[in-house]
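To keep things simple, chains are lettered A, B, C, D, E and F as they appear, and every chain counts its residues starting from 1.
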Amino acid sequence: MMKKIEAIIRPSALRAVLDGLKAVGYPGVTVAEVQGHGKQKGITESYRGQSVEGLLPKLVVTAVVGDKQVKKVVNIIVKTARTGEIGDGKIFVSPVSDAIRIRTGEKGEKAV
Amino acid sequence: MMKKIEAIIRPSALRAVLDGLKAVGYPGVTVAEVQGHGKQKGITESYRGQSVEGLLPKLVVTAVVGDKQVKKVVNIIVKTARTGEIGDGKIFVSPVSDAIRIRTGEKGEKAV
Amino acid sequence: MMKKIEAIIRPSALRAVLDGLKAVGYPGVTVAEVQGHGKQKGITESYRGQSVEGLLPKLVVTAVVGDKQVKKVVNIIVKTARTGEIGDGKIFVSPVSDAIRIRTGEKGEKAV
Amino acid sequence: MEFSRLGVRLGWKTAALAAAGFSLLGTVPAGAQQAAPAISAGDTAWLLVSAALVLLMTPGLAFFYAGMVRKKNVLATIMQSFILIALISVQWVIWGYSLAFGPGKSFLFGGLDWLFLKHMPDVSPLAPTVPHYAYMIFQAMFAIITPALICGAYAERLSFKGFVVFSLLWATFVYDPIAHLVWGGGYFGSLGALDFAGGTVVHMSSGYSALALALLLGKRKGYGRENMPPHNLTLVLLGASLLWFGWFGFNAGSACAANALACNAFVTTNTATAMAALMWCAIEMIHHGKATTLGAASGAVAGLVAITPACGYVDLVGSLWIGAIVSLLCYTAIQVKIQLGYDDSLDTFGVHGVGGTWGALATGIWALKSINSAGADGVLAGNPGQFLVQLKTVGFTAVYSIALTVVLYFLVDKTVGMRVGQREEELGLDLSQHGEEGYHI
Amino acid sequence: MEFSRLGVRLGWKTAALAAAGFSLLGTVPAGAQQAAPAISAGDTAWLLVSAALVLLMTPGLAFFYAGMVRKKNVLATIMQSFILIALISVQWVIWGYSLAFGPGKSFLFGGLDWLFLKHMPDVSPLAPTVPHYAYMIFQAMFAIITPALICGAYAERLSFKGFVVFSLLWATFVYDPIAHLVWGGGYFGSLGALDFAGGTVVHMSSGYSALALALLLGKRKGYGRENMPPHNLTLVLLGASLLWFGWFGFNAGSACAANALACNAFVTTNTATAMAALMWCAIEMIHHGKATTLGAASGAVAGLVAITPACGYVDLVGSLWIGAIVSLLCYTAIQVKIQLGYDDSLDTFGVHGVGGTWGALATGIWALKSINSAGADGVLAGNPGQFLVQLKTVGFTAVYSIALTVVLYFLVDKTVGMRVGQREEELGLDLSQHGEEGYHI
Amino acid sequence: MEFSRLGVRLGWKTAALAAAGFSLLGTVPAGAQQAAPAISAGDTAWLLVSAALVLLMTPGLAFFYAGMVRKKNVLATIMQSFILIALISVQWVIWGYSLAFGPGKSFLFGGLDWLFLKHMPDVSPLAPTVPHYAYMIFQAMFAIITPALICGAYAERLSFKGFVVFSLLWATFVYDPIAHLVWGGGYFGSLGALDFAGGTVVHMSSGYSALALALLLGKRKGYGRENMPPHNLTLVLLGASLLWFGWFGFNAGSACAANALACNAFVTTNTATAMAALMWCAIEMIHHGKATTLGAASGAVAGLVAITPACGYVDLVGSLWIGAIVSLLCYTAIQVKIQLGYDDSLDTFGVHGVGGTWGALATGIWALKSINSAGADGVLAGNPGQFLVQLKTVGFTAVYSIALTVVLYFLVDKTVGMRVGQREEELGLDLSQHGEEGYHI
């Protein structure tokens, strides 16, 4: 079985996270730009005196890995993305029932 | 256990949804820009006479919450995002097996 | 029960995948722009002599469908998105515990 | 220098007579050392360049506005300005210039003698050292940008068809008459109203019409409930920069010659603009703790607006005051708008209406005959009468613009329709009006 | 006014003689009231500004094109235009200007006497009131933008190296000869062909070469199967705006003096452009129910193209017709292209080829000696012969451009290679050719 | 031509005397055929246009820089340039112009006689054919862009307040004195230093100050660990294009007249720029296998910088060499920077410092009296002494700029503070300094 690891991180941590993952052999990742809001409040922006509550830019790094690798991968992300300040982000792990490599049609864990 | 709630909404509903969630104590959200297609068909665009089928801009609001809060959160989103017109969007709920707060390393429900 | 099918594809395959899905009656999709890295390495970019490892642009096409349709949908995506070259992408299938149509409040499989 | 805005001071007919006199009788007006001024290549070069600069202002405005709207309306907003370049360029050469500057006796219009630019003398008395075509096309650019300014008020909710019809009528029945009255030989020009480059003609006319339209159209769907921050501020800053750049043609070009008066207008324009940008930032610092980029751009535009009528009549010190005060007024006006809750979406009234009014009145305060002998002294130089003349012109322009806008609004609304439907507005004007999207994956 | 395009009418050598005559013998050509015209600061200012404006057109074109391609090719598309500014600027001062405008007896080339701009007289007879350097650099900007126009045809699939080599050869063996033949004292100039600012020299040469290249290169990978909508229409509109702005230098600058002729060219340029933008929108309304922003911009560019050869020879009414008709022709041409299924990606042929041809022929229809005494009357003024002269020039330009392009294509394709590989095309030219991406997270 | 940079050659006081002589005594300097030159509309048109062009360069620079930073700092980077237009425009008319160009006897400053532009003669001896206001405002634009150039060094980490205070002090205590020393009648001008449009005054002063600041401020958070690619290269290319366009005003405008010297400056500027862009691409091809768009833009800017002091003194061949070599020097300097690991974020020193130094020295190599009789011959024309004069000026400018920057840095850092806190830097300057974001959903 496999898991999807979604790490919401600071944009500035991307390089470190990717390098960390690659160093231990997990090159397969997908990165998306998002905006978020958590303990770290968005900042109040002001446009011609009209206030707007802004969200903060974050990145979601998604890696699907086999169940056994989850811990290792999570640890690497925590290590490389942590600054210790509010806003470091979250990692969510969720079940994946199948994976398919489009190029070959391979299925399951060998496809990730 | 936790669930991931992904709500695909109209961009114009964002403020209401976020305010609604915050009002009941769920500030942790991640928002992504996407495009979509459902019952509400995309519109046909035309560039120098060449037609292109366009998708419509939507936002995905993701919130991971404890199992018990799912209903409440879903209800709030439905209430704040509904206009009653085609195109209001969907909410998908899916299982999350773990959550980790990067800053502290905390795990599980207290991390969300 | 339902499944979420997330297909990470080349941007150039979008039209074919969407048309393929529509042809068999699955118009409900959400598309997001992402960047990724897999077997197909990112390319090294260079800015004033400073090297940067780039990710490659991909699209994620997400469709939530009933369990029974998963196979069919996956097959269509594989067929329409495949070029046979490295970089064709992956499809991940994961469980969805509930779906809600915001407009009507309908739940479950009839909402997707 | 004395010839440049001669018509403004003497009224068009007197100027025409005087100009005719140059060649026929060889008489010279006071202050002129030579007979009929010949066409000057230097002045012509300057006016053609100025016309090109003013043309660029309209795309500049398009980007300034388009960056401020939501993504789904970016193209429609650009399109409003862009298509006006096309529409009014044609309107102007066919009938607009004739209505505004042509010879004739009616109060509101010059007449129809110059339809299709026929029967025009080779040189206009309003710009005696350049070919008439140069002056005509320079003025065309003013006629173009004025209705485009109004776009800020109805952004994100006007139907394209309604917009086109309204704008064409507005150009013909609001802009052309006011241009005639102030510059083209009409009543306010003869009265001695000072408006060097369009404080009343351009900014007040569009600003007050904008106010009327904002009230008539009502708020954008979701206004007050949704966030509507500018979708792309780099576009706003690009627009503001092109406006600042092009405005040198607008203001210094209005001297219609590359002379000392043009240089004065250039310097006062730059100074007031700079001062207004600084002031807007200072006000924001006090009010919110932070100066914003949008604020600096808004201040600059407010400064440009306010100095427009004054630039060829006031000196450096006058321009510093005019620029400093306009930001205070416009910023306040916008905060009041937020309180009142009407939706002048991109603040056309707040900036052009208020700034234009201030500029027109300030001209009556700081004007100096020593800067422009064809002008007049203002209050500070001991001539309070000038302020009254300015006040009259200001009052008329505001009332006339609002009144006509209301009439035209109902006319167009009942026929082609002004506001788009709810669904179209929700979808965005780019898709609903033009079948396009600004940005694609 | 009479001097401006003297060479076009009299042939370069006659003009040179005449100019020489000014100073040596004191004789005056018909219509000139004075001896050798002196350098005029006003004319020089105008020509330098015009040169700067035309320079800006090439980045304008870059953005116009770059907004239309897919995101992965945005930089490569900008780069094609940008690097041509550099490449042709150097080519022109080293050998291009000499080939096109230098003295010499060969049919296709002016000669090599002016390599590195050596041995040039201080003043060109083609622009007798400005320093020769001003005319040379003004012409340089035309030589730059012409090969850049072709980029639209091979967008998204040409290798950078192939592009550079092809463009350099094309500039030397296609542009320089045609410029020589029409403007530089060559055959068509002597024949009396009218091309005020480059309908044949600039737009037809690039447009027909574009057609040949589109056919030779084949379609983009995925063309017809993938959607390829413009990735950023604000960029397209920025480009179109800079083009409109810069084109005043292109067309009105081609009078080489800040005189009434320049004013006429300025006004006809603006009018035809406006008319064409309106027409394109009208056609879209009828065809699709909606006017588009891309359509307005495309129409404007088509109008600019069509009026280019005509602007200094036709009057206002002519410009209205030329602008109105060009949109009909170009729009139709593009629909035909879609039917035929070849891939002139950004419609260089559809706009510049078709529009340039129309403009050149239309000049033969609406030209008036009363507008430009150095020109000629056209069909409507009772001189059908002029249309034949135009037709000859048009025919030659089309055939020569296509023929040479085919030769150069094979030459470059066999050596450095023209089209990128499939994988590079899929990856996008930004990454594969330049190792860069336009936008980063 | 001989008058244009008279002051540079003769020293301001001599020039003033000479100019006075024109009207008082009727004496004529060698080479002048007439008495006191009259105001020329052509020259005035050219200088006003040039001033507008140079104004546009600062937004151009803003976009050039803003495209290179990360998204979260895009507005702050634009704001730095934009607010300097406002700030220095006001500083200049109040005291800057007086300090730099006013009459006075002190070494570093002109004096305070012209505060608020009072007591200025109608015409400056440095630009005797245009109104003094035209020359003053043209110079204002130089004073604006110079501190804006430094922004590249401290990008993404300077506090807005610190930036404003530092820039105002820097303009007053670094720019104004150097402008005085070289152009305003000061020591280096009298010595015969050649700096046509600002190689030392503009580019070296900002470039060396940038180096000092980069070292004093330290690296950006994450520099070397994070990727920091340009977030939007289309913006960079837009900026580079506006810079190239505007630079014609900067360089050819510095002739202060629309004459043959302006044409020479225009042509050498374009040629050196083109050559440098090509060279940068060639170097990249050799070094990395691929030419980049950023490289072409960087090369162009380097070429513009290098030719700035030389453009009115060297001929075409000189400009080709100056352009070709500057890219080699700047590219190398940037690679060295990467090795040394300091963070001159956008390479202000690497491009403006190095390129400005090269340009100033190259002027001493390739200058020709035959191009500009008010100039001097350089090494290649047999006058090695000129190189020494250039060297002195270069040395002084570098040392003075660095020394004063260090002093001002500590002054401002101890009072308002220069660098933002870690969290603010992480958050981005747009949010932390201005409470805005560049792009919204």
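Heads up, the rule we're going with is that contacts are C-beta pairs under 8 Å (C-beta built on N, C-alpha and C of every residue); 3 or more make two chains touch, one makes a residue touch a chain.
It should be emphasised that the depicted structure is a prediction, and the values quoted were computed from it without experimental measurement.
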| item | value |
| --- | --- |
| Intersection of contact partners for chain E and chain F | A, B, C, D |
| Rounded Å distance, chain A centre to chain C centre (Cα mean) | 17 |
| For chain C paired with chain E, centre-to-centre distance based on mean C-alpha positions, whole Å | 45 |
| Multi-chain contact sites of chain B, meaning residues that touch two or more partners | 11, 14, 31-33, 35, 45-47, 53-54, 83, 85, 94-95 |
| Residue numbers of chain E (touch at least two other chains) | 40-43, 45-46, 49, 70-71, 227, 229-230, 232, 238, 288, 290, 292, 294, 435-437, 441 |
| Topology of the chain contact graph, where touching chains are joined (line, ring, star, complete, other) | complete |
| Touching residues (chain side chain C, partner chain E) in the complex | 10-12, 14-16, 35, 43-47, 54, 56-57, 83, 85 |
| Touch list for chain B against partner chain A, complex | 4, 18, 27-33, 64, 94-103, 105, 111-112 |
| Interfacial residue positions of chain F with respect to chain C in the complex | 227, 229-230, 284, 287-288, 290, 292, 294-295, 298, 331, 334-335, 338, 347 |
| Chain F to chain B touching residues, read off their complex | 441 |
| Residues of chain E defined as touching chain F within the complex | 39-46, 48-49, 51-52, 55-56, 59, 62-63, 66, 74-76, 78-79, 82-83, 85-87, 89-90, 93, 116-117, 122, 130-131, 133-134, 136-137, 140, 160, 232, 235, 238, 430, 433-441 |
